[in-house]
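Please read the structure below before turning to the comments.
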Amino acid sequence: MKMYEYMGKEQFAKFGIPVPKGRVAKTSEEAYQITAEIGDSVIKSQILSGKRGKAGGIKFTADPNEAKEFAANLLGSELRGLIVDAILVEQKLKIEKEYYLAITIDRGTKCPVVLASTKGGMDIEDVPEEYMVKYHVDYGIGMMAFAAREITRRMGLGGGEAKQVQAILQKLYNMFTTLDAELVEINPLVVSGDAVIAADAKVTIDDDALFRHKDLPYVEERSESEKKAHELGLAYVDLDGNIGVMANGAGITMATLDTIQNYGGAAANFLDAGGGAGEEATAKALELIMAKDPKAILINIFGGITRCDDVANAFASVKKKAEIPVPVVIRLVGTNQERGREILQEVGIEAYDTMHEAAQKAVEFAKN
Amino acid sequence: MKMYEYMGKEQFAKFGIPVPKGRVAKTSEEAYQITAEIGDSVIKSQILSGKRGKAGGIKFTADPNEAKEFAANLLGSELRGLIVDAILVEQKLKIEKEYYLAITIDRGTKCPVVLASTKGGMDIEDVPEEYMVKYHVDYGIGMMAFAAREITRRMGLGGGEAKQVQAILQKLYNMFTTLDAELVEINPLVVSGDAVIAADAKVTIDDDALFRHKDLPYVEERSESEKKAHELGLAYVDLDGNIGVMANGAGITMATLDTIQNYGGAAANFLDAGGGAGEEATAKALELIMAKDPKAILINIFGGITRCDDVANAFASVKKKAEIPVPVVIRLVGTNQERGREILQEVGIEAYDTMHEAAQKAVEFAKN
Amino acid sequence: MAIYINENTNVLVQGITGNQGTFHTRQMVKYGTKVVAGTSPGKGGQKVDDIPVFNSVAEAMQNTQIDASILFVPAAFAKDGAFEAINAGVKVLVMLPEHIPVHDAMAIMNYARAKGTTIIGPNTFGLVSSGKCKIGIMPNQYFIPGPVGVVARSGTLSYEIVGSMANAGLGTTTVVGLGGDRVVGLNFIDVLPEFEKDPETKAIVLVGEIGGTAEEEAAAYIKEKISKPVVAYLAGKSAPPGKRMGHAGAIIERGMGTFEGKVKALNAVGVEVASLSFEVPELVKKVLK
Amino acid sequence: MAIYINENTNVLVQGITGNQGTFHTRQMVKYGTKVVAGTSPGKGGQKVDDIPVFNSVAEAMQNTQIDASILFVPAAFAKDGAFEAINAGVKVLVMLPEHIPVHDAMAIMNYARAKGTTIIGPNTFGLVSSGKCKIGIMPNQYFIPGPVGVVARSGTLSYEIVGSMANAGLGTTTVVGLGGDRVVGLNFIDVLPEFEKDPETKAIVLVGEIGGTAEEEAAAYIKEKISKPVVAYLAGKSAPPGKRMGHAGAIIERGMGTFEGKVKALNAVGVEVASLSFEVPELVKKVLK
């Protein structure tokens, strides 16, 4: 779950990481008031996307009326394809230096890794390798003081600045582990006078750990279909093509999409029905797929634990209840495949043996 | 630092471990009130000693007036050589079973060790070995649920009782590590109806970690002299003999005491002056020793990092300022020993070469 | 021979009395796996078919030699179950559950490393040394003995490929499911040297997907250390960046882990990447000649 | 030969710029110890005499081969310093500070065990391989080469005994200060096998004290595994139960760790226990014949 900047900063503050004075505004009137309170302000639209400045989503002003007007224009409008529901109004910092700090998970060492650079404020991909400090944290011991010192040493920091960054590193690490974060990123971390302040916040919480963080604000990133699928225990992603897809297993679903593409088609969705494809789940899955208004549907089942006759029965039952207005191509192999195919024949469908034959057929249907 | 039972139970409650209803009383009026509130009560004198029942320090009553009278008699009185400053008044439990639970530190494995038994309520030394479960906790992972389950399994517990003891084990372990405890002990842990309740509390906090637990109530166990010594950075213990002792190093100080005993004497104190024996510390150390009204003083210095001339100068300076009314025997060897002996000679003292000669002489003086 | 597990591996099932646990235990036994014990807290003393149930892994190990364990517990309890097995000294642990919090996975992997336990998964179908021992939930019928070692990031796709190989007369030595999560116990570079050492394995099939850099690292490793022929198939060619395709690991983030990058890295070290899964058996037959 | 450290050991001093650090560094160099680097955060680039100072142990190790380190920092920072050294890969770490919280000591020992670092202390004078390398704060003059290995729980008492041996013409191979705290890196049973293996060590002196069961365990170990003669001296015969005699470890609790129990255990395996410290050299001479 990605957090909006303002939520990330609220968490920063909670964990003791310095952030600029200010707060979120959900109405233009609030924006007016905050700028009136803090004076020289930066107003930032809150969307889950970078490059907000270039898109016109950020403004500097000391005038509450200007703040209000800007907020009024932004709130409810679309920016980089996303609706702006909130804006963050905060004190404009005198920026002397911009650093970069982030903690994420390293798949190779299976440990948290700190990324740190004295070249912050830009896209992190653009930072030259020699300016990027990578420090693998020993998971068992966490971010001890010596580790934080070592990171600032490698960054080339000294004096009080180094001490402040060390403190921020320890707090950021605490937040990273306490909140089950996948990513905590401060870019830029700003040196302003004697202070070191987090001027932006990018925080991603592990969806699989949200059950133990009920106190966190929830940010919905999923489309309506994705939400519905999630409730049904299906892995579902909206895509742009016109062939509805259902398969069992993430890898095979991806492979089905690839195979469709290989034959010149495009999938309307990713839908992994997993192991259990009972009648209700199958019906709901088809409903989700139909909502995308596809020109054809491809069902790709490799029965292992999933039994082909179960899948066929579920599909047949759905088909009997409601006509499916587009061609359905089914590939069905594995456990009890003969019985499954018989059941499908009864509802007028001839199952295919292989994924590529089925995909080819679906692409053909979708082109007509 | 040992905690009184009521303080231990306050901590138990804070960490979620069930304790009987009730609270501490520091006046007989409070005792009256608590019994009036909770009815059937047990009243326990709060001293840092076991076997309070046999000494008359525990009473059962449901009558507030009786509670008041008992408290009035106990408060301020002496029990097992200790003054009773507080009493704990709490609900009398219907005791069905008595268990034992403790967590302490195992020197060998350098890990916490859980001691658990279904034979609680007695002195733990009296529990037969076959009824004592010893579980070494893997320090890096702590008391995970599986470990708690394994302990109750080995204890032979089942059902809801096992689940409650598991929860208590996890909370007790959390308390053990959070509070830097050397020992947390529940004896007995009482099964009363459906509930499992800590009926007693023995908690010892690591003195060396008290600096990070300023919020804990402080319990002073040391004598006035021991307190004063502690402030001076000296390790000091009151003893019962008549030879005042000062040496440099814990081991050698112990050995000095042993040597005195070997020759038929007895030390009045243990005083380890450590490495730094400057003039002020020496003066204060002698003051502490003199307060014990000894019949002789033995100073045993093996100079290594400690320089003999420094020690001699410090002693000579003290001696010049105030007469010491008892014989002083000094053993002085090591770095700069010649210069040190010259300085002592100037104040009329002939230093000894060996610990045993010096100890013999001190014993001789003390006998006269 | 085979890698990690063989016909002598004694297997424990953690959570044997649940529906899943019991069903798959029977499937494993049917395959020939020596399932010697199960655990289920509070149900010690019971039996599942002929298999004794214990209250804890420690208790099971007091009674029986155990080499490997498979975990059938909900994701929220997986950490405790894994730590229990590792703490008790299990040498190979198969973790099926998906949706295990990634910080829990980190904790498990670091503890396993300290104790010398090999973790398969999480979010895996398990592993099978064909004809000898299956520890997992894969359908029995496709895993027939043969000369090909398979290591895969995804489950059903592996069945698809192993199935198409079986149809083409190509059996497998060991098939290892690494698991679809971001943090898993084994990566390709851990399994490749095992296949290299295994005399029965004549060719290796690597089933990868988008996300992470495991395939790129595998390519670098193959270049330096692997003399046996390797064939690959990668899923996710058509996946848009930033979207998670079911597997937590299958996400293209910050331009890392793209399909094209992986294919390029593998091709550069002489590994042919099949465009369609059904082409894998042909490519394997070609390299086996 | 010698145990743990020898003439080739490169030593780091953590906290070299403090008073204590600088003073004892000079003493160690005077003794012949190869002190090759020091650390002091924020003072990297400075020198103490000819010894370069670095900001961190990791930085020092990038620049110099380091085998052992000695820690001169206040007790409250000892944990961080110890973890820094262990994390950087130091093989032997001497921890002088006393009053380190015992839970910190547990954390340190468990991390050291995982990383293969040998910890001496805390609350120790250090260790010295006589004539070769001294890492600690003991006075140089008494540590002369000879055939006796010494392992001790207390400092000045060791000087007393090593001094009286030196006066009697008996030198030492290595003298190891285990440290006076309850949780220390090495116990007698860890050091005894090292002396047993060391060809230069002909006899072993064990300096114990009341509290704990280290001496009892040593006795059991000596019975099984030690062929060389052992002589002991124990402090605390006259100490009353329940009182801590300076050392955190020197306390008789719940009837455990009494003087009498320890003497009995040692005598039972043929170890003579000197009644007075000055008798130790005579006993050693007797067993060396």
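We just call them A, B, C and D in the order they show up, numbering each chain from 1.
Operating definition for what follows: a contact is a pair of C-beta atoms (placed from the backbone, for glycine too) under 8 Å apart; a residue touches a chain by one contact, two chains touch by 3 or more.
From a predicted model like this one, the values you see are computed outputs, not experimental measurements.
Considering the contact criterion stated above, no chain is in touch with chain A and with chain C alike.
Contact count check for A-D and B-D (C-beta pairs in contact): higher for B-D. Using CA-based centroids throughout, the chain positioned farthest away from chain C is B.
Note: centroid distance chain B to chain C, computed from Cα atoms, is 55 Å. Centroid to centroid, with C-alpha atoms defining each point, chain B and chain D lie 27 Å apart. Within chain D, residues 114 each touch two or more of the remaining chains. Among the residues of chain A, those in touch with two or more other chains are 140.
Arrangement of the chains shown, judged by which pairs touch: one closed cycle in which each chain has exactly two touching partners.
Annotation, chain-chain contacts: A-C, A-D, B-C, B-D (touch as defined at the top).
Contact residues of chain D toward chain A in the complex are 41-42, 44, 55-59, 77, 79-81, 83-84, 87, 111, 114. Chain A meets chain D in the complex at residues 138, 140-141, 144-147, 149-150, 153, 158-159, 162. Of all the residues in chain C, the ones that touch chain A in their complex are 75-76, 99-107, 109-110, 113-114, 137-139, 141-142, 152-160, 163, 180, 182-183, 187, 207, 209-210, 212-214, 217, 233, 235-240, 243-250, 254-255, 275-278. Within the complex, the chain B residues that touch chain D are 105, 107-108, 110-112, 124-125, 139-140, 177, 180, 182, 206, 208-209, 211-212, 235, 237, 239, 247-255, 257-262, 266-267, 270, 272, 302-305, 333-335, 354-356.
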